[in-house]
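Here chain A shows up in two complexes: once beside chain B, once beside chain C.
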Partner chain A sequence: MGLIPSFIERKDVAESSDSIQISAIFEIEGRTLALLSDIEKKRTILSTVPSKLSEEADILLKSEEKTGAQINLDTGSKVEGYGVFSFSYGPVSAGVTEAGGFKLITYGERIVKVVPQINFKKRGVEHKAIGMKPEDALLLVERSAGNFSASYSTCFVTTIENILGLQVSSRSRWMRAVAIELERIYNHLHVFARLSETATQNVAAAEANVLKERVLRINAKYFGHRYLFGFNRIGSVYQNHFTKDRRKDLVNDIKNITRDFSHLVTYFLSSRIFLDRLQNTARLPHLDALKLGAVGPSARASAIDWDDRITYPIEPYNDIFVEIETEDEEDTMSRTMVRIREIQSSMLMLEQLLDRMPSDETMSDKTSDNGLNYMQDNFSFCRIESPSGDLIQVVQLDKEGYIKFLHIRPPSLVNWLPFAKSLEGNVFTDFQFAYESFGLSYADSDR
Partner chain B sequence: MDIIQTVTIIGIFASFASASVIGYISKKTCYTLGIIGSSFGIILAFWMLLANTTPIDLTFWKVTQHSTFEFSLSSFNAYFLLICCLVWLGTCLYSLRYDDYPRGLASLLVLTMLSMVVIILAGDAVSFLVGWESMTITSFFMILMGKGKPDVIRRAAFLFLGFGEASTVFIMLAFGGMFSSFGSFDFLSISTIHVSGITASWVFVAALVGFGLKMGIAPFHMSEWLPIAHSNAPSNASAILSATLTLMGVYGYINVLTHLGQSELWWGWITLAIGGISTLLGALFASVSEHNKGLPAYSTIENNGLIIVAIGVYLLSSYYHLTLLGGFALVAALYHAFSHSISKASLFLIMGWISKVKGSFDLNNQVPISKDERRGSYLSGIITVFSLAAVPPLAGFVSEWMILEALFQSFRFGDVTSQIIGTITGAITALAAGIIIIAMTKAYGFGILWSGTTDLKIKNVFQQMLSIRTSFYYFLFLVVGIGVMAPGVFFLASSSTNQILQEKTFDTFVTGLLGIPAYFVILSGKPFGGFSPTFVAVFMTGLLVIPFIITRWGTKWKVRRTHGWFSGQNQPNDTFELYNSFGYSTPIRIMLSFLFRTKERIIQVGATRRPVILSPEEYIVEVEVLDVFKKFYDILTKFTLSLSYHTARKVMPGKIFVYLIYIMAAFIFVLLYTFFIIM
Partner chain C sequence: MVKFWILHGIKNGILTTKYPKKKPTEEEIPARSVPPFAAPESNWIQGQETCPTDAIENNTNSLDLGRCIYCRRCSDAGFIFDDNPEDRHKSLQAKISQNELIRKEVAGIFSKKTNIFRKSFHILMIDVGSCNACNLEVLNLSNPYYDLTRLGIFFTNSPKHADVLVVVGALNKAMVDVLKQTYDSMPEPKLVISIGACAISGGIFKETESFVSSIDKVIPVDVTVPGCPPSPIQILQGLLLCMNKIEKDERIPGSKGGL
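Let's turn to the complex of A and B:
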């Protein structure tokens, strides 16, 4: 029984390059393995760790430390010059909404370099989960980053199901996709609201918050929790009588939100003041995005067409129409546009999912048809396109079925360096726009 | 001439002259004599201003056919003498401890003061020019004694000399114009004889350029000669240069204007425009300066601009015979000259002391210094910068209020152009008054307040710091006094203008109003604004003191000390992690890059990035200056050098004896010429 799906290639890569990024590095059973993303071929590669590591990968490794010590995500370049100083922003400052900080190296106003500081709220989720039953660990994992809980829990349960070889009904998997898309919509709306607030577009911010609240209420109504906690179970999902009528109601609710959101977008695109703050702000050039391994909407705004829903298509994404939204202007405006279009495409996707949702009896195909056998490893992993990008979890169970190893590679962690890069040469007032547009979360990266 | 005048004049000259000789032997005696001389000056000035005596001309001897060596004593020049002597007294007090420069600085300082006394008292153009030249030359030598890189100091000194001599040339041109009307050089005492017609315009332009050069106003500020020169001199010399040497420009300019007849409309326009631009540029450049004393020096340009603006209003008012407004504007100019000189001297002395203790003129250099050495600079520093940033009820506020009120009344001018120019100048001046707050918070914050303290104790602190602290508190007292006792200063300023305006502005503008007793409200026009600095001070003190007493009633004095808040992180030990002065004003450099011609570059050298920001403060950052005016001056310099080189090659083609013969011939020719002319 193989635990790794067929769309994963296994080969040893000697050196990471611009097109082959290191997505995760983890040490399991004394071996250090790496998950690589082949951007061109759109494949995930499982490999031993390439001998030549970039500075960025070093930083990735550094952040794996289990201790709660604060870490500076620094690529090592120094800044010298008359009037240059380092300006501490956070962990307790207005504007940084969570416990996380930055060192802005500047000569006043112009940002020369940004050093993100993470791990202020390190809770050691991966460490704590060891020795837990998967059901208990699920509670811990899905709550480690509340606003990405559907992605986290889906990723986790999928991995566990792979290891245990559980038969899961297709409906459960489709319901999980519904939850993930709803999560994407409310998170993107949240980012939009925060951006509007930053540009002091208070009406737009209020409107976006209203829409977000409506999505949260849909979550509560159909999934039992506003932030989708407790809905994923190992092998199934919590189903609140997802009858045909209820699905119709949900589609109607979503259509209403879609209509109102289109109005909001029309107003947004006609507000020159708003657009002026976003255009040309915090550019992340395509090559830098590749080099630093940006993921999610931030990468897609720099013309990297990587989306786990297509490149790592677990059911039902292999069965429905998914469009990758990319932009090539590389700025905050692009990132916002990617998110706006993703909201729209997620809404269409929801309609597809709800319309074609299989019955309860259909069992999904097992993913063990690739001929590769990793039984001796007894571990599995999964990638899920969370609202902020590619989420990777690697899980290993011991013989008794307890968690032996858990590794989470959150999307926010890898997006810090692209974020820092994008801010170079910008001014202080651009900071908040960049920060919000990347949709970064300390709870996510600190786990 | 009564006994007091005779004694004080003799006292002034005797003290300063003897001090300048003794300076080479004993600095302390020299400065003590300087204090005595200044005190005589203050007595004489007060006597002239308060006794309201008629102007006196002291004619000594005939120098040439057209020139008599004479002194003139009137309430007008007594007012300037008062300002100077008040500044000098404090500076000499300060120098008793400050001066650790080589021998000669004390003598030069006192000689500069003596030259200024000659300028103020001169009744004839020749003695005025003698004073002017000796002031320039002694100042030149003082700047040469500054501490720093020798080539920078030398450059600063020669720049000063160059601009000083250029100013002399233009003043000579102005005096030449006046000579053609008067037929004699004895025209500087306040008189009713007027120059008129095209000659008047000639005199006006030459005087504006000549005296304007000395005041560092636009467009001559562009090459930054004043900040470079003033900031590189020893601090006591800087105070004298910035507070009183530029005041000589104001004095000379107003003095020459009083001898011109009916003013032309364009005189007012030009004066207002130049004043407005100087004010704004001075404020902007001050706010981006990183030099401990360069910043106050740029602020001097701003304040001189304000004085010029007030004079512009006076000129336009006299064109339209608006005697009320004209009188008010002239008093405002004189009031501002007073408040600026005192505040600026105070700021220079404080900044000078701090930079001496720190050993650096760089505002970004946060070297911790001993608490003992900086005590006294906190309080007097904040009051001084408040005054320069025009915070009520201090000196700077009252005069700036007066100038802005005068500009508000531009609607009284008879033509639309004057009204528009007046209004725009008003807007620019108000903007500059706002911008200078950035500069002043920077000066106080980074210059005085935020350099760390060490617990190092100094032996005999009281004796060691006596002269420094006394001078600080002396200026503090003056700065507060000039503001709070505004009606008194208004009285002095107005009585000095009585002979020029031929009316008593004090009775018109100082009154009582709305329950405030008589002589405590200053009006700015009839009918227009009114303001009582004294009662604002009383009110502000009440607002502070009464709630303080109420909160302290029956409770213990509790002071809680905590660390500063650094975004929830530990207090950094490294100065690299502290906000600095350069960062404080970089937003202005970036926003106004079209004006500062700021260029930013980040150079990558291996793993090191070096951001280079090209901006005009070359004396700190040592980067190239992209100044159009400086380019012009550079081209002029090159042209002059090559011209003189080629001329020299023609005149002296290499044989020394030919050159000697040429000199001899020239000398004999001059002798004979002079002989025949006198005969």
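Let's turn to the complex of A and C:
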């Protein structure tokens, strides 16, 4: 057994407490294991599955099912009665640009219940990856959710490196963090743009889209690909002449965007018409968020103190200053505010990262800090804070180095139920605001 | 408030691309949307082995862009890319770049249906199993940098109003009937564009369990836009080709790839 870093605990029997979330359940070598997040102590716990699984936690297991079947994420009681009307929305629809659907149960204008329908485009990445070489599986994994590609590939690559005990240069790890932060910025800007579009603030939406396009062009300029495909390699990164001068250029580009974004936010937040649509829309109470296992900005807007960059600090996040951005208003407004503040903090972080990035290829001596590795089983896991929240991947290799087991717990999958919960009691026109503010992606949950 | 937006707009100037009046700039065609331009003959077999999607073909010395996912694995096998001056330099020294690679044309069967799309053109995007990157690139077309509406192209939400169906993603079992229904409910004349390697050939997902076939085996496809994902300019080129506003040959932006 390798060294276990301080932020991971290993327990034989799972505790149950109000502040413990079940994050992932997977079956490995005939044992069913669970990854739990202790929100209070900010620790990841690896243990056996609690004997009694709640209906919501069961969804996590369901997601492992193979391709073909469409899944209705239906929990709780049945809603029936006079005047209750149910209809389907999707998989080809206007507001949702992806293949996925909803069953909406309404009473008059009020939404009583939302049942998200996923798996319309399940590609079965986990199943396909079995028996592949890690290098080949990487192409598949980074294309399972295009707009979270940097998080996906970094998570996968880090896990493989943990298992193989590879020495990776600090510089490579820092480069990966740069990519992840750039990804976070453009995804949050996308949410911002979509929200203003929904509120018919077309000028603001155009301005946000301009900023997003600028970030995408930065991605293309410095990493070669607008959506950051293919820059990660096992043991290193594809470094496209990332010299000191280029780093300075990148810092300048980011500073320009930071300036323009702060202008945009100031004027944006003074628009009462817009704020009225966001305030008190789609509330997700703190306890529900905990119980349903919400992750990412949507959870942090409900005062859940969990951010993988702090609570699962792999290099370089253990080295630079990061703050958890939380809000306690629990509505769409606070979810938007969390995202706005995360854009700003990511930009500051990028400046730090680029400023202090090691310039040479010195190997990192911090391998033990990057997660744990059970040598006898050849399996390891990693958690990365993707733009929509905590992404977990569990990988097991066989003796020849081929993939024996791959489990991906995407952030969107666990956020569907909190999203459905938050909409209960809201009117129909709030639907789009809630959907956009959670930053959900069908490609992500249907990996 | 209003004053701010107007002043802000004037200060920023015109961001919109000059395309199609002028050639797209280098910034608009990112490096990863350019396929390899040459390969030494001796490295061909090696390149074929490294290619994860069988885009490098066996006998004809050609590259099927509809399958290429631009992963650049073949650069390890000695395939040469334009954007890296160092690589080109190396290959010249070794005098191995004798064999010019023939890029296979995939924008095949566009027929000059009519000219009625020239002025107003409504597009409907359907996702049949993509990774969301192509979706975002199509959506990006409406941002001020590309500004579709200046060319008379509009997004629509109903197949009944659509002139062209933009298909993205690797066709999933669950979406076959949906795709057929959507196509059938569109009024004539109608066109279909399939965008990205996944829609054209299945791309990296072509061996997954849920993949059915390429789009053209289910509904007739008029124009294909290869890429993983193609950049907005390349998608725009595909749309303009549908509108008969550009010729097929114009899609090659200089030596910098594209089709």
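The definition used in the following text is that the second predicted complex is superposed on the first by the 429 of 447 C-alpha atoms of A that agree within 3 Å, B and C clash if a C-alpha of one lies under 4 Å from a C-alpha of the other, contacts with A are read in each partner's own complex, and residues count from 1 in each chain.
We adopt the following convention: a residue touches a chain if its C-beta (ideal position, glycine included) is under 8 Å from a C-beta of that chain, and two chains touch if they have at least 3 such contacts.
Keep in mind it's a predicted model, so treat the numbers as computed, not measured.
On the superposed chain A, the two partners chain B and chain C both fit, without a clash. By the touch criterion defined above, A:229 lies against chain C but remains apart from chain B after alignment on the C-alpha atoms of chain A. Of the two partner chains, chain B is the only one that A:82 touches; chain C does not reach it. For the combined model, the angle formed at the CA centre of chain A by lines to the CA centres of chain B and chain C equals 80 degrees after rounding to the nearest 10.
Judged by the touch definition given at the top, the superposed model places A:92 against both chain B and chain C.
A simple residue count on chain A separates chain B from chain C, and the partner touching more is C. Least inter-chain distance for chain B and chain C in the combined superposition, rounded to the nearest angstrom, is 5, based on C-alpha atoms. Judged by the document's definition of touching, chain A residues 91-93 lie at the interface with chain B and also at the interface with chain C. Of all the residues in chain A, the ones that touch chain C in their complex are 66-68, 70, 91-94, 97-99, 119-125, 127-128, 136, 139-140, 143-147, 149, 190, 203, 206-207, 209-210, 212-213, 216-217, 220-221, 224-227, 229-230, 238, 240, 263, 267, 270-271, 441-444. Residue ranges of chain B in contact with chain A, taken from their complex: 290, 364, 566-569, 572, 575-587, 589-590, 600, 602, 604, 607-613, 620-621. By the touch rule above, chain A contacts chain B in their complex via residues 76-93, 101, 106-110, 112-113, 425, 427.
Chain contact summary for the complex, chain C toward chain A: residues 1, 4-5, 8-9, 12, 15, 27, 30-32, 52, 69-72, 125-137, 139-140, 142-145, 157-159, 169-170, 172-175, 178, 182, 203-205, 207-211, 228-229, 231.
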